[in-house]
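The structures considered in this document are given below.
Look at the two complexes coming up: chain A is in both, with chain B in one and chain C in the other.
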Partner chain A sequence: MKKFLFKRAISSAISLLLLIVAVFFLSRLTGDPTDLYLPVDASQEARDNFRAINGLDQPLIVQFGRYVWDVLHLDFGDSIRRARPALEVVIEAFAWTLQLALITMFLVSLAAIILGSLAAFKVGGFFDRIATFFSLIGAAAPDFWVAIVAIVIFSLGLGWLPTSGTGTPLHWILPIAVLFIRPFGLILQVVRGSMINALSSAYVKTARAKGVTPKKQVFVHALRNGMLPVITVIGDQAAGMLNGAVIVETIFGFPGVGKLMIDSILQRDFSVILAAIMVTAIAIFLMNILIDLAYAALDPRIRY
Partner chain B sequence: MNCRATLLGGATLLALSAPAFAADTDVIIALNEELETVEPCMASQSNIGRVILQNISETLTELNTEDGSLMPRLAESWEDMGNGTWRFHLRPGVSFSDGSAFDAADVKHSIERTVSPDLTCEIGAKFFGGMTLTTAVVDDATIDITSDPAQPILPLLFSTLTIVPSETPMEFTRQPIGTGPYVLSEWNAGQNIILDRRDDYWGEAPVVTKATYLFRTDDAVRAAMVPAGEADIVPLINQNDATNPATDFAYPNSETTYLRLDSSKAPLNDIRIREAMNLAVDREAFLGTLVPADATLATHMTPPTALGADVDLGVPPYDPDRARALIEEAKAAGVPVDTEITLIGRLGNYPNVTEVLEALQQMFADVGLNVKLEMVEVAEWVEHYSKPFAAGDKPAMVSAMHDNNRGDPVFSMYFKYACDGLQSGICDEELDKLIADATAATGDARAEAWRAAFQKAHDLWADIFLFHMVGFSRVSERLDFKPTIATNSELQLSQIKFK
Partner chain C sequence: MAEPLLEVRNLSVTFHTARGPVEAVRNVSWQVAPGEVLAILGESGSGKSVSASAVMDLIDCPPGEITSGEIIYRGRDLLKLSADERREINGKRIAMIFQDPLSHLNPVYTVGWQIEEALTTHGTPKDKARVETISLLDKVGIPNPEASARKYPHQFSGGQRQRLMIAMALALRPDVLIADEPTTALDVTVQAQILALLEQLQHETGMALLIITHDLGVVAEIADRVVVMNAGEIVEQGTAAEVYANPQHPYTKRLIGAAPGKGAIHDDPPTTEPILLLQNVCKKYGEFEALKGCSFELCEGETLAIVGESGSGKSTTARVLLRLEEPTSGRAMYHGRDLFALTPRELFEMRRDIQMVFQDPTQSLNPRMTVYQIISEAWAIHPEILPKARWRERVAELLGQVGLKPEHAHRYPHQFSGGQRQRIAIARALALEPRVIVCDEAVSALDVQVQAQVIELLDKLKDEFGLSYIFIAHDLPVVRDFADRVIVMQKGQIVEQGPVRDIFENPRETYTRNLLAASLDPDPEVQARRRAERLSKEVA
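Moving on, here comes the complex of A and B:
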């Protein structure tokens, strides 16, 4: 196990390094932040001064060398726009995204596994048809549309929930509900398909012949074996959320890392872009390790 | 037990969800983007200005946007001492929110800080570029400020420079201290900013006791916050959302939309082509369709209230036949009228900008010009807008929106029309001289000099002017507040009353 973790850490570190090199140079290809930061009427002297202060007057390779040196000393640079350490800005935003992703993915996984399993138990039955119908609609519904419609109904129409913001638990309901719909539809379908296979396997038929209750057939015998592909899809969906739920963050005014990344790219705030990519990449690396461990826990044949 | 637990959980949720007790005199303001900094020397940026300007940080003078006059604020009076020096007599009995007294040393430090090359403050770069300021403290309540070259409008420029205590470090601050009627109580990054009213403010105590600023990027959500009771003022809503006459107000936002022609490249270097392009545009057709009906047709770079902008230049008539004739005339004279001209637009510059530019492209095509539209992001657009123009040797025009809310054309004319102006598409010696003369003139002669400069730019058909734009705000019916041209850059809480 230790060897496996070590290998994964090394391969992830190499990937991370390549990612940083690529993002560093690609982001600088978009141009100089000076024109975006200073007013359009700013003098050439002010522009030159801004470039010098932020090290933008140096050759690209020198800027890269300085960046790598600083990162090795755990200095990720300052946000040009915010005049604050970039890492501090990113961690602040990532904390919001992480909470949103964890809560949403927990609820999605729980609901999709239970309902998908029940749908698979009687394929073509009433419950299966209803679950499939709504999950397909959910998987196809565009986030921004669902979000706006939800605000119109639950905030403006019924007045039950706030339109946006982060102040109270009620503020979390609409963003989580909107984020919930699409992965729920997708994971429910994967659970259903995987469970149909598992429930038709010989060991479940044997259990059924032995008189095991339907509940036990589904949730004890079939579920564990049907979980491997489901874990993969859950991991994929969670990775997407850890990168930020840009649309939901924008509409509901959630100060998450997705919107921060988009804004930083548009503003050419290079330090923030790199810090955000690094933080989210590390989070995804850790999550992939957890998924690998979950595989081993679910399937005794998998050993690292 | 389960029932009790459920009830307890529900009660807890409700208790947590209930908004904190808000006084009737508290207001909530929803801004369209999060503040990245609360640094006073960046208060010329709209959203930072709406929080800080004259609420936390005050200026020596204040522009009356209704009549263009200059009012005292932290300076009670000022006088021209000659040779570029102005003497400011400061208001006595003023203190900062940290308790320290306001004096001339604070003004001196604020100036040095704003123009310091180590800080790259926007106010310094925008209003004090190209001049050297020196200060001489006469006494605690008097300061002489000298500019080189001399600035006849120096007192007006000081309506932009925010005053901070002399102890403020030479780096961006996250805890602004000012002399204004409010103090920054909380800044929860990404969530809100809260200002509380000061009890020891030197002036009349405002009615609003507390202001909470929220940040919502989405137009529809921001607009929905007023009817949902979650906000009292939304300074900027989309024109399509401005449907309720009781809460929604259009106000002139000091922005002027225009197409900047690069007259150094053929065929735009031919005055007949520039005139033809002006005559090809049916400006009236846009009003009430793609552009708000409250917008007005523009004839020059500044809002009509600016000094000298009262000159009647006349909106170019929509005359496609005359435009075609001019183009034919130019063609006969050897002007390459078939050359492709790129029209560069900025995505999201103003509502419906893409549709407006598509319509303009069609209008130019109708008179026989070959115009290609390119919509680009702001970063790329800036490279086309400012010199050296990114289009290189190719003829291009740039769709832009210029803001001048300071009442004097000096903030516009040099940059937009002088040969060395950073965004100037024209170079004309006579116009250069007129701008220089107007910049140096004072009193009535200044207005007259600007009129002459406006007339010359018009005679050269230097640009294609489109509209003096309007913005839309939504204001809760419980407030007695009407947005004005100033709302584009500041939102003085002291001007908000309750019905």
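Moving on, here comes the complex of A and C:
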């Protein structure tokens, strides 16, 4: 297991390095930042000055070398727009996204696992119909539309919930609810399929022959086996959310990393983009390790 | 006879399948008394397991439905009890073990936990259950019970896993133990040990034992009485000795007649030149040596059997010989050329000459191809054998030779029975006009009657086409009837080889002798004699 984690860390480090390189060259392809930051009628002198301050007058290779050196020291430079260290700005935003993602994914997983298991226990039964309904909704409803309709109904119409921003627990309800829908439908389907498989397996038959209650057949014997494919999908969905739930964060004015990234791209705030990419990449790497650990915890055949 | 403990009366069960309702069993009645061993004997699809599933409430409804009958246990009709009352009886009063213990044990919990659960489910306190579990493991012969309790199912061997299942089933000292094909996937020596363990535990507890099996040998070894089932109905019942010696129903007669190990031994091995010569063949998987220097020869027109238990390297030999896997070292001389040193081009041509028939035709035939496509594919790959214009005609001819009809060519594999599928696999191998056919457990998955037919077919084809067979099997009676010469393998090495009569009647090596002693004879009298010998040896 340790050896496995070590290997995993090495391969992730290589991926991160490649990512650093790619980010630099791709961001330079989009144009000279000077054109964006300075007014169109800025003097040549002002432009040169700006370039000198930000090191943009150096040859590309020197810029690249300095960039790699800085990144390796976790120095992403200052946000040009905010005049603060980019990393600080990103971590602040990332903390918001992380909370949002953790709460949402926790609720999604809990609900999907319980409802999916119940649906699988009696295929075609009451819970199975509910599960089918939610899966369809999850697959069919685009989140930007749901978000807007939710604002219209619950904020503007009923006046129960705030339209945007943060501050009170009430501010969290709509973003979480909207983010919930799609992964819930998807994970529900995976849980249901995987549990139908697990419940028809031979070891559940053994449990029945032992006189184990149906509740334990489902939630003790089948669930732990049925969770293996589910964990992969949960991880995948969580990764998507950590990358920033761009649409939801933008609509609800939520100060997360998704919104920050979009803003920074529009403003050509390279340092922030770079820091955001690195932070989310590391977060996703850590989450993959968590998934591997969860796999090993659930399935002894991986451990031994 | 003692009062019956468990009695099934006129049970009928219908399964609702996609193709409509199928009556799996009709009016099945049997009973078992304390201390008695009842065997339900039947081939696949006979419905032999259905009544036991009904006893354990393991029939899912739907698709299965009990349409009539009663299951009386200690004076109460189980079918009239509530689900909770049934659960009280399951595991505590009536317990069950299954075929393939690996899939019947939960892979993600320790075996100790799973045995404890059987106890705690029925009210044993946790600490007491833990102590009891250790002593159970000890009783069923698991080494290091304390440490073993903390291990997971995949860390045990097949025989040990069945012991674990038995420990779990016997945890609460049930009155009735139902064993559904308990030894089917196990090696013969392990099978003998498990049957002996079941018998010993039954003597100790006085429980009733119901064994469901397809194997006349298991019946002969352990059963007091036997119920013979065919196509969902009981055709005959009586004591094991009675039914074997004097079968009444034509089906039983056929079944007993088809039992291998009773035919004439091949005494006239062909005195021809060897066409295939293996020298010092080794195969390593990492550190593990699957083959440790095997040498043997195959003569023209000969049937050479390779026998051995799982892990003996017999299948590896076949795979290496066909270059499905690369040998680590050694030579295989065929017509003066080393098969292991051929260039890809030469190997391609050579593949025509050596063909293989696999164990499970359900898996080895492509389900999306028609029989015509499966057979004619050989000629698409080796076009020099047959011009395309003659394919249709030749497929029909081959199907005729393996006992199928020309019109079967346009069906898919799933539309055939297991035995028919194996015939298709043989026709596919024959299409290339090979010199040698390697049969890897080619009849193991088949019912005895079908097995006998396929063996007969192979024998006939050998004479017709002058084929040589390498026949890999774990089932000694089949080998006895079919082979000219036998190689006995153990742990990657050949321990003994010789003409079939010498191996079976005069084995030199202890391993061969043990293997033969453990293999079960369908005749209860022969089996009783062997047991007496075994017991006297144990005493001495």
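Keep this in mind: the second predicted complex is superposed on the first by the 301 of 304 C-alpha atoms of A that agree within 3 Å, B and C clash if a C-alpha of one lies under 4 Å from a C-alpha of the other, contacts with A are read in each partner's own complex, and residues count from 1 in each chain.
Criterion: a contact is a pair of C-beta atoms (placed from the backbone, for glycine too) under 8 Å apart; a residue touches a chain by one contact, two chains touch by 3 or more.
As the structure is a computational prediction, the values presented were derived from the model and not from experiment.
The partner that reaches more residues of chain A, of the two candidates chain B and chain C, is B.
In the superposition on chain A, contact is made by A:Asp41 with chain B only, not with chain C. When the two complexes are overlaid on their common chain A, residue A:Pro59 makes contact with neither chain B nor chain C.
In the superposition on chain A, contact of A:Asp299 is made with chain C only, not with chain B. In the superposition on chain A, contact is made by A:Phe50 with chain B only, not with chain C. Applying the stated contact rule after C-alpha superposition, one finds that A:Lys210 touches chain C and leaves chain B untouched. By the touch criterion defined above, A:Ile151 reaches chain B but does not reach chain C. Of the two partner chains placed by superposition, only chain C is touched by A:Arg224; chain B is not. In the superposition on chain A, A:Ser201 contacts chain C only, with no contact to chain B. Residue overlap on chain A between the chain B contacts of one complex and the chain C contacts of the other is empty. Of all residues in chain C, those touching chain A in their complex are 56-58, 87-92, 95-96, 98, 100, 103-110, 117-118, 121-122, 152, 154-155, 165, 168-169.
Considering their complex, residues 201-203, 205-213, 216, 221, 224-225, 298-301, 304 of chain A touch chain C.
Of all residues in chain B, those touching chain A in their complex are 13, 16-19, 34, 36-37, 39, 44, 117-118, 120, 122, 124-126, 129-130, 171-172, 174, 189-191, 214-218, 220-221, 224-225, 227-228, 230, 377-380, 382-383, 385-386, 411, 415, 422-423. Interface residues of chain A facing chain B in the complex, by the touch rule stated above, are 30-31, 35-43, 45-46, 49-50, 53, 79, 81-84, 89, 92-93, 96, 148, 151-152, 155-156, 159, 162-170, 250-253, 255, 259, 266, 268.
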